[in-house]
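Here's the structure we're looking at; comments come further down.
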Amino acid sequence: MTPALAPLTPNEAIALFTRTRARSDALAAPLSPEDTMLQSMEDASPVKWHLAHTTWFFEEFILKPRVPDYRSPDDRFAFLFNSYYTQAGPRHARDKRGLVSRPGGQAVRDYRAHVEDSLATLLMQRREDGDEIAGLVELGCHHEMQHQELLVTDLLHGLSFNPLLPVYKEPEPLEVTAGTELRFDSHEGGLVEIGHDGAGFAYDCEGPRHKTFLSPYEIANRPVTNRDWIGFIEDGGYGDARHWLMEGLAVAQREDWQHPLYWWQQDGTWWTFTLRGPQPVALEAPVVHVSYYEADAFARWAGARLPTEAEHELAFRDRPIAGNLMGDGDDIGMLRPMPGAGVWGDVWEWTASDFAPYPGFRPPEGALGEYNGKFMVNQRVLRGGSCATPREQMRATYRTFFYPHQRWQMMGLRLARDVA
Amino acid sequence: MTPALAPLTPNEAIALFTRTRARSDALAAPLSPEDTMLQSMEDASPVKWHLAHTTWFFEEFILKPRVPDYRSPDDRFAFLFNSYYTQAGPRHARDKRGLVSRPGGQAVRDYRAHVEDSLATLLMQRREDGDEIAGLVELGCHHEMQHQELLVTDLLHGLSFNPLLPVYKEPEPLEVTAGTELRFDSHEGGLVEIGHDGAGFAYDCEGPRHKTFLSPYEIANRPVTNRDWIGFIEDGGYGDARHWLMEGLAVAQREDWQHPLYWWQQDGTWWTFTLRGPQPVALEAPVVHVSYYEADAFARWAGARLPTEAEHELAFRDRPIAGNLMGDGDDIGMLRPMPGAGVWGDVWEWTASDFAPYPGFRPPEGALGEYNGKFMVNQRVLRGGSCATPREQMRATYRTFFYPHQRWQMMGLRLARDVA
Amino acid sequence: MTPALAPLTPNEAIALFTRTRARSDALAAPLSPEDTMLQSMEDASPVKWHLAHTTWFFEEFILKPRVPDYRSPDDRFAFLFNSYYTQAGPRHARDKRGLVSRPGGQAVRDYRAHVEDSLATLLMQRREDGDEIAGLVELGCHHEMQHQELLVTDLLHGLSFNPLLPVYKEPEPLEVTAGTELRFDSHEGGLVEIGHDGAGFAYDCEGPRHKTFLSPYEIANRPVTNRDWIGFIEDGGYGDARHWLMEGLAVAQREDWQHPLYWWQQDGTWWTFTLRGPQPVALEAPVVHVSYYEADAFARWAGARLPTEAEHELAFRDRPIAGNLMGDGDDIGMLRPMPGAGVWGDVWEWTASDFAPYPGFRPPEGALGEYNGKFMVNQRVLRGGSCATPREQMRATYRTFFYPHQRWQMMGLRLARDVA
Amino acid sequence: MTPALAPLTPNEAIALFTRTRARSDALAAPLSPEDTMLQSMEDASPVKWHLAHTTWFFEEFILKPRVPDYRSPDDRFAFLFNSYYTQAGPRHARDKRGLVSRPGGQAVRDYRAHVEDSLATLLMQRREDGDEIAGLVELGCHHEMQHQELLVTDLLHGLSFNPLLPVYKEPEPLEVTAGTELRFDSHEGGLVEIGHDGAGFAYDCEGPRHKTFLSPYEIANRPVTNRDWIGFIEDGGYGDARHWLMEGLAVAQREDWQHPLYWWQQDGTWWTFTLRGPQPVALEAPVVHVSYYEADAFARWAGARLPTEAEHELAFRDRPIAGNLMGDGDDIGMLRPMPGAGVWGDVWEWTASDFAPYPGFRPPEGALGEYNGKFMVNQRVLRGGSCATPREQMRATYRTFFYPHQRWQMMGLRLARDVA
């Protein structure tokens, strides 16, 4: 999106494309045709739609403009599988994606194959615009990786309405482990630079790299755990107005939130519904599926606060990108947060920062300019990636963003504090 | 439901059961697994759910209470596939039926086979309660036939949200035919008897047979046609408050009704979406997919009124049950209203009558008493059956009922008038 | 509305008009300007609006068409104070009546005086259309009496949101009285005539008088009391699905109904908010402020049913019109149901009958034809009048109608039974 | 709120209190009792409620804790007139304030007098906690001034639903003036300090004063005018998705926004409803009653952006506090934006900044800590004050905040740009 300093070579682009497409296929492999139809809310999309939309993206932004004789298997797919790009034409109602039974699974797989073949052919050609194409393929792959994360979280949400509590991935009980003691690490702050510097792929909203001033702060060595969260519950945290933003309390009361999404209590034990079916809540694992409102209330209850995104970036940017993420190629990973002190992976961590343009931000011209820019209101940035984030799209500057009431992503938190 | 005077013999029961189950299978045969998942509104259910729920009915009301060693393939199906029988235990949320991807299509077919085998075994036995069982099987088959009608109308509604306008049954264009001239036939009324007399199967709400007094009236020889309806549209009928019930006008304005459900105009021609895909509106065929509010406004515009259900029954009860209905066994019929002057079949005809208990009505004890009785408020009776109604469940005393705002059934109307 | 056989003389018309207008003034007298602004829901209107709308009715339907030089104090009042007569022109949004602070109280009183003077002048003239005018004045007075009932019930609803529980009329505690034992009186039914015969004033919907056939039935000698109702509550009636219409149960659960509107429990005693402020529930008085859904469920719980309107009319039409009604002239009456066995007054009694046109019903031409006809769907008839109904508008054929979920009127019930 | 460096002397506190209370009285003076009841949406409150709530504030936070024998005229007022302070006890539903007809206008005036007398007595005493009391009185007066602004904007909203378009203040047509040419002034930015330094009164959220880094920027010399806005309208700005945040476009379409709130077109001229009744839109005056979404879309259409709050503060903090504001004492001012290039007054200017805590922000202990802190999510900061803002509460560091969809305040905008 931002013109990378060193674009991918054709071979690199092909390899990335192949790995990425294989991962989508691997994610869909365990599912029945019926499973791929689930749409449980407007925010979520069916698996079949994700598979088609990520394919449309390559077709719309690469094949159609650059391959004169390119023919889509069905011209109406552009209407069905455009998500929100107004400059790419009209599109199907977002909340009705679950009502598109046709094209069916095989037709979508054929669509994928058709676009993959066409793109492979294109990448094999020596063309003047080869670098541009490689850049767009890279963007398309990162786009597909974002949808891989959505695919599994949307699927979990969809399955959660089935009283049979279906299993997506083998359950494998977690070993009981010792917890990581909570510690706060100090940072001096000062006038620092954050944001992406343009080396390698990044989304437009990660730049420009720019100066910002930070007061001294402390940040926790690990995310808040389920054990911590149960302490909040047992202390009456959900019902104590002093901890809550007014709007958060109103949502919590209207939705009758008493615990994270997918939890229930059974004979005194907390259980949760996961991609591996029902599981007892793992006390030392990071809490997941909490809203910003809950995270913010927890932090206040704990005598702390959420970090800003700049504080988070500064604290962890030198930490190598490794952890409990979705694997490469067809390795779909653990798909659940694991006990430990990881930063990258496990759970996205809510920050106190509004999703706002960095100083000097300028989205690209045309439909791709809609990728991030038009979401810059009322959303909060999360940092760190989750167990559903493909490893190769993770970066220290990566900003994901959601509304403060949303809980269905792999969302948790990490505490921070002012230095008195 | 009402104890029939002459119960079915075991062989008759088996034959009815076999025919009925075959028809459900025939209805589902053209559908992909994805198609069977569609649930487009709370009023409608997925095809897969209909297939399972009609099976659960036999299991719940016959096998479980009467076959001591009967084992369900999955005890949780009782929760998933109970519709609204509170006395048969708790049940899954009605508006979340489209989120039950598992059990999948094959599991539901296995469930059907399992119950069919168990029931066949039971029917083959000579038992003291053989007549009761035969009566319950007959009820279960009529119940399944009701769901066959819902299955196709729910499916049509579900498919209608797909911009690809999918075809369920081969399109076969209609031949252009001459219309049937409108004529009103006079009836004297007086003190008459209506309702079912107990000979053969009927639902509880069709009886008791009872006296009612009718003033002289006239009733049309044919349903209102699409040609008639276009006259109403072109005369500004949808926008003229004088024709409308206040509540009807409010709904029409809120929903922006300008024509029957599924219609649109294209180059000056009216088109409609049907189970045979998009079709030009057939001018001489009965109008279908209009609400009670619209039917009532049309009648007032036409200087007429809707008949009461007693008027309808009296006028047509001697007409043999034949017409454009769903066929026997696996014959699913035309699935669209056809030009002509039929009473049975084509379209259900809205009556002016509230769905109310007949004098002396008493529902059976237990969960089956919930079949009709608890719906007796705010719904309107329709008479005559439709092209989606299995022929062998049709009777002159048959009362179906829907809310005045509903349009997704095969609903039309026939005019009546007072004799001055 | 129906042309009366013997129209009022001018003097009778003036006397009725004077009595009626005086009663409205008496009802408004205890209220502050702020009180007259309350609009607590779309179904209810502010007192100030009632005072103006009943005035507009005389202006719109008598003065404007019949007095060539009549000048309204403000032409825009026609827009503000038309309720729902589409043929009388556009009108202000019904749910925004509480936002019309101007014209203020004095301006509305001036408007009333202006129209009263103009009408008195008109009535004093000898005119060819004198009988028509007398008939319209009579209609206008009955219309105003209907609004007098709404005025007090809307006011009660509006005041009920004030935590100070304001008193409208002096509290006067009720004496404790003995209850009236419940008895069922038998009626033979048969082919009977009901409806208004045209002698004296009646609304269009009360006729034509017509034949109907009734099976033998029994009807209770008194309305259901608060003591009876507490029995229903204590027996778990609100939570037992077997007693309820499905739609009723859904509403009861959504609204969390556990008792009649305005009730609460305090130290083991039931209290209720009334026009006389908070009061302990009077055990022997008729229960009031229950919906049709609740009334119907109560009747089923009690092994009975609600009477039809024909059954009610037949049973009580020979009983003289007397009882706990709103008085004449400025006598506003008790304004609460009183212990006893009255039929006329105390509480309106829900019937099992849909509000439907009688056979041969034909509303008058023009805007006055909208008076009743356009409400004939989804509403239920109530019979008997209430403590808020002016005595002189009560008749045995009087049909009032409300939606089954509504509770803010003085609504109660009386039981009936089939004769086995 | 923040402990001021030099607290008010008792005489200063009394003078401020007297001026402030007089202004509230002056604002209410032209209103009828009915006018003071208007509540047109949950966000707005009736004038009568504002008068009582601002009184309760002094009672709750000064008199009750510090005057042992203080007696409220009615203990239940604490429930009625607490707005949102959970730590000050339960409170009446916010959206039901318009249903509190009693206490009436006179009772509220008596309540005001009672508290004023009690407070005057307290201020006259020499007490150890005199400085604290003076500080709380100052806070209470600033609180009342905030409510004075709400009082007039809520009133305008309430009156706007009256088709008679009532006049609050004499209309006085505006003279036609020449416009101010648009110019952008450059600022270097760099590492700067913003926020309140503690000298004189300020709300907690205005501090701590802290460093922030700004890139070079330009900011307009005047707000966007109605003439500018009509250019946006005429260029199709409301319908062009490219200018809009996705969420903003969805709101604009749902609410059918085609122009600022209160505007309509009549014979080719734009009119608007104001506190001075209907007025032609003054072309050179600042546009008012636009949401953040609209302001943001306008700025993008204009090739600019909204300033951040830091940019705004830095640009204008040396400009003396003078302009078209609400006057002192009983001078209620112009109550409409005036042509010109003012910063303070006329219209609040939307900034691009989320309402977030400044680094190191810590709200006071107890209920007063709820004053601002619990609103810090999803709201946007506005700067500059409006024609409805009392002059003596204005400061360069003042942050007001509203939701991006809100339009009923005196909200406009000023453009900014990056320096390329």
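Letters A, B, C and D name the chains as they come in the text, with residue numbers starting at 1 for each one.
By definition in this document, contacts are C-beta pairs under 8 Å (C-beta built on N, C-alpha and C of every residue); 3 or more make two chains touch, one makes a residue touch a chain.
Because the structure is predicted, anything quoted here is derived from the model rather than measured.
Look at the CA centroids: the one farthest from the centroid of chain A belongs to C.
Centroid to centroid, with C-alpha atoms defining each point, chain A and chain B lie 46 Å apart. For this pair, chain A with chain C, the centres built from the Cα atoms lie 59 Å apart.
One simple way to say how far apart two chains are is to compare their mean CA positions; for chain A and chain D this gives 38 Å.
Of all residues in chain A, none touches two or more other chains.
Contact between chains, per the stated criterion, is found for A-B, A-D, B-C, C-D. Looking at the complex, you find that chain B touches chain A at residues 32-38, 40, 48, 74, 76, 79-80, 92-93, 96, 98-105, 158-159, 161-164, 166.
In the complex of the two chains, the chain D residues touching chain A come out as 84, 86-87, 191, 210-215, 241-242, 244-248, 292-293, 296, 352, 354, 356-357, 359-360, 370, 374-378, 404, 418.
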